[in-house]
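What follows is a set of structures for review.
Look for chain A in each of the two complexes below; its partner is chain B in the first and chain C in the second.
Coming up: the complex of A and B.
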């Protein structure tokens, strides 16, 4: 391996170390609480991007799977004999599995449509989930469900949640990275660029899309379960939250849709900001305004996202002028981010 | 049986108002390929404007529309100028969903800051009184609202099919490059269409606010219904939006009266999912290739 080939793994190891050390350095519960939420959102946006960014389909209803995971966890946790300790974390994979199973019929219906109709039908299905959760008896209706608080000591109360969420994030990133480099990922990118042609070239379009859709739902369902245990209560309007859909989309767009690292960057920058704004301005709901304005600015001024923009800049600097994609090319359908991915890969395989 | 018929009649009366709001949405899509997610929150904004006019200045709700409608028309033009025009060219429709969603959040935030999250409802003598006709109770607000919606839709149809501007809109709807080639200022048509599409929420918002208690958060529920209606009718089809609005509201009101109001909304979205599974382009949708 050349020296350049070592830079990227080194950076990843450093970042991982920083993440592991974080709760020991900043033990203030306010910070670790924000950190847990940030990890939950980074996981969700990474998983969302694994479908939306690679396939070009933009679902705005993945909160349905977040809520499904949260409710799966909360409903099972109602059985007292399970206790309230570390063992409860064992329910998280199950919650992800249920979310994945639920995603199969949702995907079958939604993926019959394309582009904007797809966006709208995912929104409609999301509201269907919210309504059903509000009306069913097993979900506790609009008064929601309570989850028993864990038994571990209060001084380091957040730490177990933090490390579970971190593990989940690592899983999600590993999955996203693997998909990006696999034959399956190439098929998704082909669908994004030209679905009809991809079909003509022998990609089993329907199966590939549905698989990616279901895979994207699983980590989000698991993140929902972590959320349910961490917050201790599950309400229909909080776990089936339209702002969740928008937030993860914003994070992915902000960092760079269709890249592996972009959603992480978007999540780690925006979620603490959102938490901070919620803490500071919750009375006046100013945070809604600020958040909406950030979204508008990102979409209109930085449609490509941070990672592809920086990658383009680096590519241009390395290879002289004129070879990189022009800035301002939209993330979807443009080849700017595909090239950014190639740059990212060439870093690890000299 | 009476309950069933009452549900059907309520469905037709309220469906007409939804048809009007959905017509704005579908018109915008047809001409601009833009899906305006903010339509729902604009309805709520209009309801609040009517509320302010009625509560602080004593303006009658129906008279107040003469003020709120131009106000929302201008707001629509401003949103088009500030955001829609600046959308990146690739995959405009999907990007428009994200941008107008963000606009909706900003408006919701502003409304929350000003009015708080408590539910309010509009008042007028026609809100609480009903006509007793052939054994059915028809609230005046439903009847008046339906009448106004029909009038406004007739006005939109007249504009579309009898005026020069309407012809420009239909030309832009059918084929934008060709419309540009024959000298139509397509951008101006688009801006005005967006304004008109948003302006109809003024009327819809007033009736909505008089029949339902609302808060700044009510926009989500509205937009998901309106989107279901326009998708069901086929995006870009005015007739489809009307048929879909009235049939969906009839189904919802019948379910609400014979079964349970809790499940009526579920039926609403479930009907959408079923129809789209069978017919992805909607009931009156244009062929799939154009819709892309």
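Coming up: the complex of A and C.
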């Protein structure tokens, strides 16, 4: 038991080491550029999953917070004629905060609805953001905003972005993990299973949902700010991008909605694929075809996503070997979807 | 004897269907009260009204003398009325233990819960385990509740309603679809809890079960409580026989 308990922290430490060493091993800017985008997306899908995966509400408008973060960064950078050095990264938390504040009224409105209506409302609100950004003076309208390029050396130009994005990802994962382990997370999961019953048992569902919604917007806003600085320009159609929402949703579904590690897996598999396709064939939308295929694969073959499916398989294997002792679900990562056990076990009578 | 719950003149219609028609009911403190009646007579609707799941325009519900008419389900629960459902409503993808912990959290602050890990809830966990042991499903504490059998789900639901230490428990068909030995187990637990001072209101079709545990019985028909008395009195009442044996046409003329 204790040896199995050590495997997971070991794997996490190894993965972390690999992430830290990556830009030193693959210093080619093409790779590090792909890596920065991958980290931005992994952060976003993890944060999104922290609300969607745990609560069961599927918002498809979080690009509104990505864009809010990006614009916050760009507007302040431009208006205040700030320098273009490392200090600019200080604007990232502020961008996240603004995105979080913006998420409060959005959540208050959207969370009055459920299920399909909720999905549609979040999409509609998202398009309002895009519309506003396209027409407002302060956002530069459809011609967007430019952000001054940083002054550090070109050879390792991507590295600061890489490490800031990595830090952001760690923050997002830590938040997701904390939520999953907390009583707050339990409340969210109860809402996912039976919201009315959870309310009847004293869970303040409105507050819990709104809090989770706002928490999920903050890292995404920060990711938007990193994007703005990294790319150097902010256009309404790119930072308020409906495909952003489809991508992060697909990543979470593919890896395992409602698990801590699933979205990370989804992000690290899909985003480099998208970047690779775009780089190799210079066709920006080619990945959409692949994404369509993956959506079908998830719906038809992997409805739970990779992580829960694999943990299911392991549970079945293990219980097949030693049928006498029912394996506790908590032993298998804990974040594996509890439905895993539905397949593996038949109830025992007391 | 004092009245713990008093329902007075409650009416509720769903479209043209009069589910409750000036229904009144009193549950005395410390008793096990039974609520019986033919299908569709309004028993579950009455439960829903009492626990805030349905709103009414007419009539009052009082708990310990204070009105709880149209209070929200969480407020009713917090005041001390626990309730189980005819079709059990557990959280299938959470473990049995996690199900128990959901019900304890109304005592807690809002942001506090974000940083409170589920694992750190020592006393709550112990209490939850005690209750799981009490109902006899402690061995399944770490299993997803979705794998529990129908009867086990009923026991889990009873256990997690008990976590909040309510004064009164409303049980909606606790014995429905449960095997006979489990029914006896359940009856025993209800008697034990009643001896500890808990009040019960039980909706049930299983007459043997009802007669065995209830101090008083109320019979409902067509949305109204028509008879209240001891089990023996109720059994002997001709109105009750009418209600059950199809005398409904006559009732309508009243």
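Keep this in mind: the second predicted complex is superposed on the first by the 313 of 350 C-alpha atoms of A that agree within 3 Å, B and C clash if a C-alpha of one lies under 4 Å from a C-alpha of the other, contacts with A are read in each partner's own complex, and residues count from 1 in each chain.
As a working rule, a residue touches a chain if its C-beta (ideal position, glycine included) is under 8 Å from a C-beta of that chain, and two chains touch if they have at least 3 such contacts.
Bear in mind the structure is a predicted one, so any value in this text is a computation, not a measurement.
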{"item": "Touching partner for A:123 - first (chain B), second (chain C), both, neither", "value": "first"}
{"item": "Contacts of A:189 with chain B and chain C, given as first, second, both or neither", "value": "second"}
{"item": "Which superposed partner A:277 touches (first chain B, second chain C, both, neither)", "value": "neither"}
{"item": "Touched partner set for A:101, first chain B, second chain C, both or neither", "value": "neither"}
{"item": "Contacts of A:269 with chain B and chain C, given as first, second, both or neither", "value": "neither"}
{"item": "Touching partner for A:170 - first (chain B), second (chain C), both, neither", "value": "neither"}
{"item": "First, second, both or neither for A:132, with chain B first and chain C second", "value": "first"}
{"item": "On chain A, the residue positions that both chain B and chain C contact, one per complex", "value": "328-330"}
{"item": "Partner chain B, residues of chain A touching it in the complex", "value": "56, 58, 60, 109, 112-117, 119-121, 123-125, 127-128, 131-132, 134-135, 242-243, 246, 249-250, 253, 284-293, 295-296, 299-300, 303, 328-330, 332-334"}
{"item": "Contacting residues of chain A [partner chain C, same complex]", "value": "178-179, 181-187, 189-190, 192-194, 196-204, 207, 211, 326, 328-330, 337-342, 345-350"}
{"item": "Chain B residues touching chain A - in the complex, by the definition given at the top", "value": "35, 83, 86-91, 93-95, 97-99, 101-106, 108-110, 112-113, 117, 220-221, 224, 227-228, 231, 235, 262-263, 265-266, 269-270, 272-273, 276-277, 280-281, 291-292"}
{"item": "Complex contact set, residues of chain C against chain A", "value": "51-53, 72-74, 76-78, 83, 85, 89-95, 98, 101-103, 105-106, 108, 110-111, 113-119, 121, 136-137, 139-140, 142-144, 146-149, 152, 160, 164"}
